[in-house]
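Note that the chains are named A, B, C and D in the order they appear, and that numbering of residues resets to 1 at the start of each chain.
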Amino acid sequence: MDSINKLAELFKEFPGIGSRQAKRFVYYLLSRNSGYLENLAKLTLELKRQIKNCSSCFRFFPADAAGAAQCALCRDAARDSASLMIVARDADLEAIEKSHSYNGFYFVLGGTVPILEKEPEKKIRSKALTGLVKKRAAEGLKEIIIAASVNAEGENTADFVAKLLTPIIAQFNIKLSGLGRGLSTGTELEYSDADTIKNALKNRS
Amino acid sequence: MDSINKLAELFKEFPGIGSRQAKRFVYYLLSRNSGYLENLAKLTLELKRQIKNCSSCFRFFPADAAGAAQCALCRDAARDSASLMIVARDADLEAIEKSHSYNGFYFVLGGTVPILEKEPEKKIRSKALTGLVKKRAAEGLKEIIIAASVNAEGENTADFVAKLLTPIIAQFNIKLSGLGRGLSTGTELEYSDADTIKNALKNRS
Amino acid sequence: MDSINKLAELFKEFPGIGSRQAKRFVYYLLSRNSGYLENLAKLTLELKRQIKNCSSCFRFFPADAAGAAQCALCRDAARDSASLMIVARDADLEAIEKSHSYNGFYFVLGGTVPILEKEPEKKIRSKALTGLVKKRAAEGLKEIIIAASVNAEGENTADFVAKLLTPIIAQFNIKLSGLGRGLSTGTELEYSDADTIKNALKNRS
Amino acid sequence: MDSINKLAELFKEFPGIGSRQAKRFVYYLLSRNSGYLENLAKLTLELKRQIKNCSSCFRFFPADAAGAAQCALCRDAARDSASLMIVARDADLEAIEKSHSYNGFYFVLGGTVPILEKEPEKKIRSKALTGLVKKRAAEGLKEIIIAASVNAEGENTADFVAKLLTPIIAQFNIKLSGLGRGLSTGTELEYSDADTIKNALKNRS
């Protein structure tokens, strides 16, 4: 197999990329100058050295010269230590941050729990989560918000996390909540399902 | 113009139907037996005689032998007279009823108010609405729920209705609410807009 | 079931119409004036009386006062009697006529033959076709063009028609042809299948 | 800007990739082991050293130890030197080769000529093309096939190339052809445009 096909095989593993687009990526690279390719290769190679998982929330963050173990967000004293939001992935955390509507801390599960999964505790960072919650509980944590997508796997993950945390929240008297359900931007009432309408009515204001 | 094209012209006025599909409908009718066509023509012809607008909520309902002016829902003594929900169209009312999560009465506006509309009061049943609200207020109405779709025209309609009803709700001390915003069924957190996330956080539980 | 739902049930049988759009059609009719509805009902009712199948090509055509058995196209002496094009449906004939690139006569099969069909001769107007071809053969027919869509059912229909006509075309020395294959408008070479490219090369000019 | 965003910026330049998917690619890389990343970086870096443009047809091909200037296809004595096919890009050439219906040589233009382009000769390999055609003409070239996509830019490119080659093909008595037009795989007759039908009739067989 030549370099074009070898590289196309690697691009084919990218999320959402088929063999045709993978090939197209290679031809695109061939059309660019060496500077672009060297830059791409260098950043790819250094990615894991320059990006670490935060020791507290486990999101990816750029390592600094000082070798901080925690990301800037977890080190931010202005954030509200009474709140912890649990999300599945970094992209979810970013969507929340972009909304500028939350000022507490986070924990990134690193995945979701599929329906009927036999070892759910291995699909997400279960131990790190319970460890962090205990630590935060001692520091004044009052509420945990499980922020999950509204689909079968998201709700299954939320259920598993809730069960996992039950003993701790009972012991420390922490409130456990989920994101509110209702009409989202763009929803047309006529096409809404019963569940969404029921929640939109419950959350009316 | 022959009958095929004349009929196709009429079908072309149906919502969402282009000239090609309109023609296809005519060929479809030509492929059916006379019984089907007679049935279709008869029901079309009798539609307006058999379906009336309810004198109270203005939804369409089948006229009965007794000549009732109100639909079955508005005559249902088991419904909660403390609640009135305002919707744009019959299809919205049907979506709410299918959710089995609301037991009050309704009012169907019969349309929406476009942005920058100069005569908004003419786009919906404004007079009938204020008339009904006054009547229901005297009968113990406690809350009006404006159930609008979450898009520019839906929100504009909700704003206009709220303004229209302000004097009455002030006079009779009626609560005015809208459907709750948040994550709807199928929403993926990663792709949610800031507004939806803000509301989902506000409505968390 | 009330008139709204009864009528919606009939619309649901229209090609490509689901239950939601069927309901929408009924609400649309309720929003129109009586003139439109009466017109729609009248045209529907009279459709089969006013539209006949041409006794020659079997396309639908508007019956006239004189009671002509053949459509205007089959009676047109300016058309070329040396050519007969066989199409599956009226809509195909219309697409050909709109292209202004054919001046012979037509025959409308009234359907297609599904793969593995046990009684293919019953899915299309087999007898009428062979009858017409024999008659036209005596009148100087030189070429039959089978104009089929390029998909499994279209090609299966073309194969069946070719077999059906083999004895007659042999007897009368008629040429049998199919529409040319190649790149159609909008085709991008990169995404073309092998069969299309092979034919495009064969038909290059 | 940190490494995640820097790398996402580079992926955003890939054809068809938006900022969200670019970010997703980076998170995907973070989830893979170092072996995969090193492989990706290495192949990217070496791509231009290992892949050259063929000195004859200008397609990309893997450089070999012997330092051949021409690709395997151009060095293949079994190919028919009487035919030259001109395509816009490598992907077009690959589609033709996959169809196993052409046995001549190729030339890759490296682009297309947009409508109203002021310097069309700079958008494609004009000089290399005329050079190659002259050389092949001396070696027995009989036919040039311009294989363009059937859209405005494809046809404009074909027109420009035809004009560019007019003096040479006149001098050497070379035939100039284009791919045949007609119904392509999957085409439904009912939805075909007039141009496609006209060509399908012309190319009937």
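By our rule, a residue touches a chain if its C-beta (ideal position, glycine included) is under 8 Å from a C-beta of that chain, and two chains touch if they have at least 3 such contacts.
Worth saying up front: this structure is predicted, and the values here are computed from it rather than measured.
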Maximum centroid distance from chain C, chain identifier (CA atoms): A
A-D or C-D, whichever has more C-beta pairs in contact: C-D
Whole-Å separation of chain centres (CA-atom averages), chain C against chain D: 39
Residue list for chain B, restricted to those that touch at least two other chains: 89, 91
Partner chain A, residues of chain D touching it in the complex: 2-4, 6-7, 10, 13-16, 21, 23-30, 34, 36-48, 50-51, 60-62, 89-91
List of chain D residues in touch with chain C within their complex: 87-89, 91-92, 94-96, 98-102, 145, 147-151, 154, 177-205
